[in-house]
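Look at the two complexes coming up: subunit A is in both, with subunit B in one and subunit C in the other.
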Partner chain A sequence: MKKLALKELESLFAAIAAQQTLYLPQDDAAGQAQFAAWKEGAARSRRLNTARSAKDLFFPQVENLAGFKREGKSIEIFETREDVRPFTVFGVRACDARSFEILDKVFLKAPVDTFYASRREMGTVITLACTKPDETCFCRSFGIDPANPAGDVSCWMDEETLYWQANTAKGETLTSELPMLEDGGEEAVKAQQEKLHVILEKLPLAQLDLSKVGAGETEALFNRPEWKSLSESCLGCGTCTFVCPTCQCYDVQEFNTGKTVRRFRCWDSCMYSDFTKMSAGQPRPTQLERFRQRFMHKLVYFPDNNDGQFGCVGCGRCLQKCPIHMNIVKVIKTMGGGDDAK
Partner chain B sequence: MQGVKEKALELLASGKAQRVLGWKTGEFFYDLTPGVFESAEEVEREFEYGVFAGANLSKYCIAESKKDGVTAVFLKPCDAYSFVQLLKEYKVKREKFYIVGVQCDGMCDMEKIRAAGISGATAVSEDGDTLKISTIYGEETMKKSDALLLKCKTCKSKKLVIFDELLGEQGEDCPESHRFDEVERLERLSPEERFSFWRGELSRCIRCNACRNVCPACTCETCVFDNHNLGTDNKAAASDFEENFFHIIRAFHVTSRCTDCGECSRVCPQHIPLHLLNRKFIKDTNELYGAYQAGADLESRPPLMDFRKDDCEPSVVYERGGAKG
Partner chain C sequence: MRNDPLIPKLAVVTDIRVDTPDVKTFRVVGLSGKKPFEHIPGQCAMLSVPGVGEALFSITSSPTEEAFVEFSIKKCGCVTNWLHDMEPGQEITIRGPYGNGFPVDTAFAGKDLLFIAGGIGLAPLHSVINYCRYYRSRYGKIDIVYGSRSMEDLVDYPEIENVWCKEDGINVHLTIDREQPEWSGHVGFVPNYVKELGFTTDKTVVMCGPPIMIKFTLAGLMELGFAREQVYTTMELKMKCALGKCGRCNIGNKYVCKDGPVFRFDQLDELPDEY
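So, the complex of A and B:
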């Protein structure tokens, strides 16, 4: 393990940024934390987590896939792929770090999504352990330890010091290029971890029970009458899906520039009325079916196809951001999980 | 406000309403969800009203209006303006609703409480103008006025413009709300500065459509931005400039129908001050066509859906000095 006095943090960021783009949470004009490229003097956000997730850096909301140009009777297909340069993300929380594992299972399975793969290959993830989780946090329910986040490098921070632990070859390489890091810090990190584990027990969602959802529960849950009241006030907006670190559905569309055609993909939302709409129509005609799709996907279908792993990391963004405060925790509890199951 | 839940029970028991549209209790103290209650048991178990009942229930009335029987709905003053506007546009039927007007002292915003650095909140109580917030890290206090939703800080009126029954006192307009102050500040900027302000704000848009979907004035069955057959749909946040147009066109479309209920800014996950676009159009409409409040009455015609011989001419754009020909 390595460590660095916090007053030297700027020099660490500068050293990384001299080699590649460094993203870290910074407060935007509205005061929310967002991942943004570091520039000299940029202040690191003190917020617990970013409003948008770290997913955006690996799976951007919009990206070009290919271009087409017609000349006479022939169509030329040309590359529109942007060159992905090495980059580093600092300050990813344990929940978002786990989301990469989930996204990898979708995008890196054959046929590999080369757009996502190139960003995963070029990106180095430096995580930061939590010290003051919010009441909306429930990553523990998914076996995530926010005191011991994954990533190429794991970091911890107290009032005076940054602690640094490389976990992968990529992390080791980065560490070797940062001479300001000194050895030590194990004891301080251990103490901080113990302190956080005590706090985690006090979180209101600490006892969230997932035993009624998960792989194999389609028949038990699909026709439950509660979907009606759960989905009744859903506005059908895409907020939950767009702030979610694991939502990965996208639409492929074409845009006619007049001279050429651009094929691009953009995030889609199962909450939208045209989601997976086909020539035969919309397979999920009302908001009930769309709403059910989102939660069944995360809580049942994804586990079905991925050895029981849930498609949620408990980051709590949908709890904080849904305009009408409907969310995955309310769904889990209504379906029979949790201490006050109805 | 006392008596809201009791009123819901009473209306169901007396048969005055077959269902109640209100707010359901949440996981925490602040995450109330709009919901429909059909039995006394449901109301007893889940109905909750308090300072976090910020959601405007009027838009849900469009769906409730199609159901058989009568729906009892609780409307705060700002929600009531939206309801009247929906009535004027024939989106809801008056006879389908028993309206309980609920007086309101302003609703709180959990995002404001979080922004003040308070995390791990588990309970809240009101002590005069102070919110006492219990957290897993200890007790915190905050002035209620600092935790108010943006729309409540600049409340235009506490008058309930429609109701069958009133809980609390009838209120009055709030001429000292200063709701146009921020618009005036933007008007004083140079066109370049203003352009840059809006480009910055709107660049954060993630095109989630929450503002549109929550808006009581956005009642098109298929939005032009979703209409694939027309070729005007766009799901991508493809260029930030296009997002700018989405918001500006939407603001134009609701001009003189927007009651300034403030829901667009309340729900924006990226905290874009969308209400300022609407307020700019309200302010301009007031200046060009005379003071007008959408949703204040059932009779008046919205200025942009009316024609009077003394209406301003298009050249007013140049006369007001906003553009250079």
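So, the complex of A and C:
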């Protein structure tokens, strides 16, 4: 393990940024934390987590797939993909770090999505352990330890010091290029972890009962009458999808400039009616079916196909952002995981 | 161009055949003049006209066609309208093939086959039927029940009448919904016709058509004593990637694009009723 006095943090960021783009959470004009490229003098956000998740860096909201030019009966296809340069992201929380594992299971499964794969290959993830989790945090329910986050490098921070632990070859390489890091820090980290574990025990949502959801529960859950009351007030705004670190559904659309056509993909949401609407009909005609799809996918279908792993990391963003205060925790509880959400 | 499963290849439409007032069959070859890919019956491909859109279509031609692939396409949306208006020689983009296809070399081998289609539902079965005709000795008796709204709406009518109807061991049963002066064949809906014909239950059934036809024909087959394990169909849901990633053809834990589009009814019974 390595460590660095916090007053030297700026020099660490500068050393990384000298070689590649360094993203870290910074407060935007609205006061929300977002991952943004670090520049000299940029202040690191003190917020617990970013408003949008870290998935943006690997699966951007919009990305060009290809360009086309159509003239008469001919079509020309041309490259629109930009080279992905090596980059580092600092300050990813344990929940978002787990989300990469989940996204990998979708995008890196054959046939591999090369757009996502190249960003995963080029990106180095430096996580940062939590010290003051929110009441909306429930990563613990999914077996995530916010005191011991994954990533190429794991970091811990107290008032005076940054602690640094390289976990992968990529992390080791980066570490070897940062001479300001000194050895030591194991005991301070251990003490911080113990302290956090005590706080985690007291979080209201840290121990959700997931026994009624998960792989193999489609038959038990799909026709439950509670979907009606749960979905009734859903506005179908898609905010939950937008901030979710594991939502990965996308649309493919085109922008016709008149001269050329850009084909791009962009995030989409199963909460929208257009998502499944086709000329032959609409298999999910009301918000009930769309709402149910989103939660069944995270809580049953994804675990069915991925050795029981849930498609949720408990980051709590949807709890904070949903305009009608509906969320996955209420769904889990209503379906039998503890007191219901009435 | 760097490769990615979402990046299509260019192809050219060499021939367009008018089948019915709203169905045309498009013959497609790669720019090299060769077939763009090899496929198995029941698989699909993504066709696109840049600037108009991309959509998934079942491949109508048999894999035994060496020179091209064909798609019988009904005019019913942006992309299909454009395809219907274009002329031979037009380039399009293509990617695929996608999906599981029919088990023509395994579960179907040695079996008597009963094909049931309604309207444009013949398109995916056309590939299987011609594959089975090509390897005729590998299969038992073949029955084809095919119905449409009218005589004019029977897709591939010349091939059906001049080729399929004249082959030994193939029984073709055509029907149209309403009487027409020039029609001397059967009149009535497919589900009723299937029951009237009363097939023996040792057949493997392959069915495709509008949902209402599927529903009542399946019920009729059950009445005749068929088991759901014997009946195959092919599904269609909205798709963008056809790679099992974009998320929209999801039915329960299955993706129609990669786990389907071909399912047996006992397999569909295990999925939530959302298609």
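The criterion applied here is as follows: the second predicted complex is superposed on the first by the 337 of 342 C-alpha atoms of A that agree within 3 Å, B and C clash if a C-alpha of one lies under 4 Å from a C-alpha of the other, contacts with A are read in each partner's own complex, and residues count from 1 in each chain.
FYI, a contact is a pair of C-beta atoms (placed from the backbone, for glycine too) under 8 Å apart; a residue touches a chain by one contact, two chains touch by 3 or more.
Everything numeric in this text was worked out from a predicted model, so none of it was measured.
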Simultaneous placement of subunit C and subunit B on subunit A, clash or fit: fit
Contacts of A:300 with subunit B and subunit C, given as first, second, both or neither: second
Subunit B versus subunit C as contact partner of A:199, first or second or both or neither: first
Partner chain(s) touched by A:326 [first = subunit B, second = subunit C, both, neither]: first
Which of subunit B and subunit C A:232 touches, first, second, both or neither: first
Once both complexes are placed on the shared chain, angle at subunit A toward subunit B and subunit C, C-alpha, multiple of 10 degrees: 90
Which superposed partner A:30 touches (first subunit B, second subunit C, both, neither): first
First, second, both or neither for A:251, with subunit B first and subunit C second: both
Touching partner for A:268 - first (subunit B), second (subunit C), both, neither: both
Subunit B versus subunit C as contact partner of A:222, first or second or both or neither: second
First, second, both or neither for A:65, with subunit B first and subunit C second: second
Lowest inter-chain C-alpha distance for subunit C and subunit B in the superposed arrangement, angstrom: 9
Touching both subunit B and subunit C, residues of subunit A: 251, 268
Subunit C partner contacts - residues on subunit A that touch it in the complex: 65-66, 68, 70, 73-75, 77-79, 81, 106-107, 109, 111-115, 218, 222, 248-252, 254, 256, 261, 263, 265, 268, 270, 275-281, 283-284, 289, 293, 296-297, 300-301, 304-305
In the complex with subunit A, residue positions of subunit C that touch it: 1-8, 10, 49-51, 53-54, 76-77, 80, 87, 89-93, 211, 236-238, 240-241, 243-248, 250-253, 271-272, 274-275
Residue numbers on subunit A that touch subunit B, as the complex places them: 28-32, 48, 51-52, 61-62, 132-136, 199, 202-205, 229, 232-233, 235-239, 241-243, 251, 253, 255, 264, 266-269, 272-274, 319-321, 323-327, 329-330, 333, 342
Residues of subunit B touching subunit A in the complex: 26-28, 30-36, 45, 55, 60, 110-111, 114-115, 119-122, 135-137, 200-201, 204, 206-210, 212-214, 226, 228, 233, 235-238, 266-267, 269-272
